[in-house]
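Note that the chains are named A, B and C in the order they appear, and that numbering of residues resets to 1 at the start of each chain.
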């Protein structure tokens, strides 16, 4: 399912523009959406999921116009959505919660629903805890329930907002792999501010800042934005200025800084090969993107 | 027709709060009557039927919107959230109605129902105030998205009618909206008109609530509290 | 305690629904009682006008107020902020008092606006600025104890029973415990622990009901629970206020134990 967005504007009363004339094309497959907090990612996700109505612009998903009621309903029939803060009913067990969501998604046949719920509990490794009430679940376990509910009705469009927040490293890797496996014929839109999640799963991505698109291309394209802009500086003195410090590692003789800057931040700075994270940070620097972006 | 499984879950969503309120409130009134010597049980049951069960139903209906932890998910599934809320309203009112039919049956059997009310018209004793307060609660819930505010409106309207019956019964137009016309009515010949007006306006209130719930964005917006 | 007071006050006062609901209720009451209001504004005595106003306000508005407060403590536990707050250096008692006073104060703001609005309107139309002094005295002596009494129950009882059930039982109680005549059934109305304040209204402000000829407080022939209705005097009026505040404090003191039970 292709997502075509043009001139999308969303204004909240008293809070200004969350999306400011966004144009974006999302093809079938896995697609990453990066941006700082407040960049407009969640607003975009909510518009795509039919939760919010845009103030202006056009959004078509698989040919359906989601600014209208009929189009929204059509999209919701093929949608799996994992919100950033998934609320659950604490008095239900994971199995019951998924069974209920299955009913809401129109899986009326009880046997089909039970089979599907059982399979998904297995996929998210919750079979052993499936009959415990959600009240006692940890944050990571609730996330996994959220992932399972998003997959219930075999969605053709999967929208996941910050899915790996609160997961431990193993769970994160498992979930990323699962998402990549699910892509293929589906469209999976992964919104996150964890750059590594996108680096490990997506070929294409977009970066939002202040409600605008500041980058759209492949992971390699974005990584190349930091070519000849990543430096290593070892110093016992103050941190280097004139760029963005990516990391600081204690070494003999002080700290080894990894810095993204358009010019060497110190005379003895050594150039390094860029990563996606460097490319993402380089976008924020003058001259690196068509538009200014400040995290 | 949706599967019974879905209704089973909506009964659980209504929760024991909604299921407990009507019988406990009725029991509280009966207990009070017992303390008083229990010599006029019929009058107490009639008061429960026209005053207490409808109040419980109204406050229950007022508590439907605003405290759903999974509202964001509910708004993205193909089953529309307002039909889910309507199902929950049906559970809340249906349960109060079930108890009311039981109480009305007892009154009809013991001769405690006012003589001019038969088995069928006797049901209007509870039906009219129940759907009216239910409709008001549903509309207030949809408008305020806060069970506290919506419940406050329902209970205030109820107590105003209790404390100042003359205020509403004093004028023709407002008398048709008086909730306790059976037990405290001043003009017996206006009873049927009062009951039918209540039922009709209840449908209008519920309809307005339904219309307000059509905008997902309003339901998503968190109340600052 | 001060921080908890300020926080709770702000959170409650920011609830738009509270203002809209109060507005709707005032509009409805205004519509129904338009002629009563004009009568009240024509009342020659500022004291009588302000006292009837306080009586009416106390008869109806604490119901709205109690419904608003009914889930404040439970909400902390539901949102999971209780453990965070428990880890702060403020003492449990201090925080609870702050929360109690803050939420009571916020929920009482609409009530105060309505009552003092009426006082200002009366003072301006009748040309009796002394009405404002009477209003302040009545607010402190009659309305405030009711607000504190109801607030304590509304915060604590929902720790035991669901908030909707509390709202239903509370409004039932309010009608039974304040408005029903004691000869009809055993009731708390006209007694020392009637929160609408029959003793202070009658003994401290000389109020005799809407017609001016009703006995509001004191023993009633053929009524049960007369031990709660000592002869009405100025002393028993102050005693009544003391009893209401003491009951409120007692109810509130049960909150920490009940919370520990519900959050365990």
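Quick note on the criterion: contacts are C-beta pairs under 8 Å (C-beta built on N, C-alpha and C of every residue); 3 or more make two chains touch, one makes a residue touch a chain.
As the structure is a prediction and not an experimental result, all values here were calculated from the model.
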{"item": "By number of C-beta contact pairs, the top two chains", "value": "B-C"}
{"item": "Centre-most chain, if every chain is reduced to its averaged C-alpha atoms", "value": "B"}
{"item": "Geometric centre distance via CA averages, chain C-chain B, whole Å", "value": "26"}
{"item": "Gap in Å, rounded to a whole number, between the CA centres of chain B and chain A", "value": "45"}
{"item": "Inter-centroid spacing, chain C versus chain A (mean Cα positions, whole Å)", "value": "50"}
{"item": "Shared-contact residues (touching 2 or more other chains) in chain B", "value": "15"}
{"item": "Chain C residues counted as touching two or more neighbouring chains", "value": "none"}
{"item": "List of chain A residues in touch with chain B within their complex", "value": "46, 49-53, 73, 76-77, 79, 81, 83, 85-92, 96, 99-101, 103-106, 108, 110, 149"}
{"item": "Touch list for chain B against partner chain A, complex", "value": "2-3, 5-6, 9, 12-13, 15, 68-79, 84, 215-217, 220"}
{"item": "Touching residues on chain C, where the partner in the complex is chain B", "value": "11-12, 14-18, 20-21, 24-25, 28-29, 32-33, 59-60, 63-65, 67-71, 75, 162-165, 167-172, 174-176, 179, 185-186"}
{"item": "Residues on chain B engaged by chain C in the complex (per definition of touch)", "value": "15-18, 20-21, 24-25, 28-29, 32-33, 35-36, 52, 55-56, 59-60, 62-63, 140, 143-153, 155-160, 162-164, 167-168, 174, 223-225"}
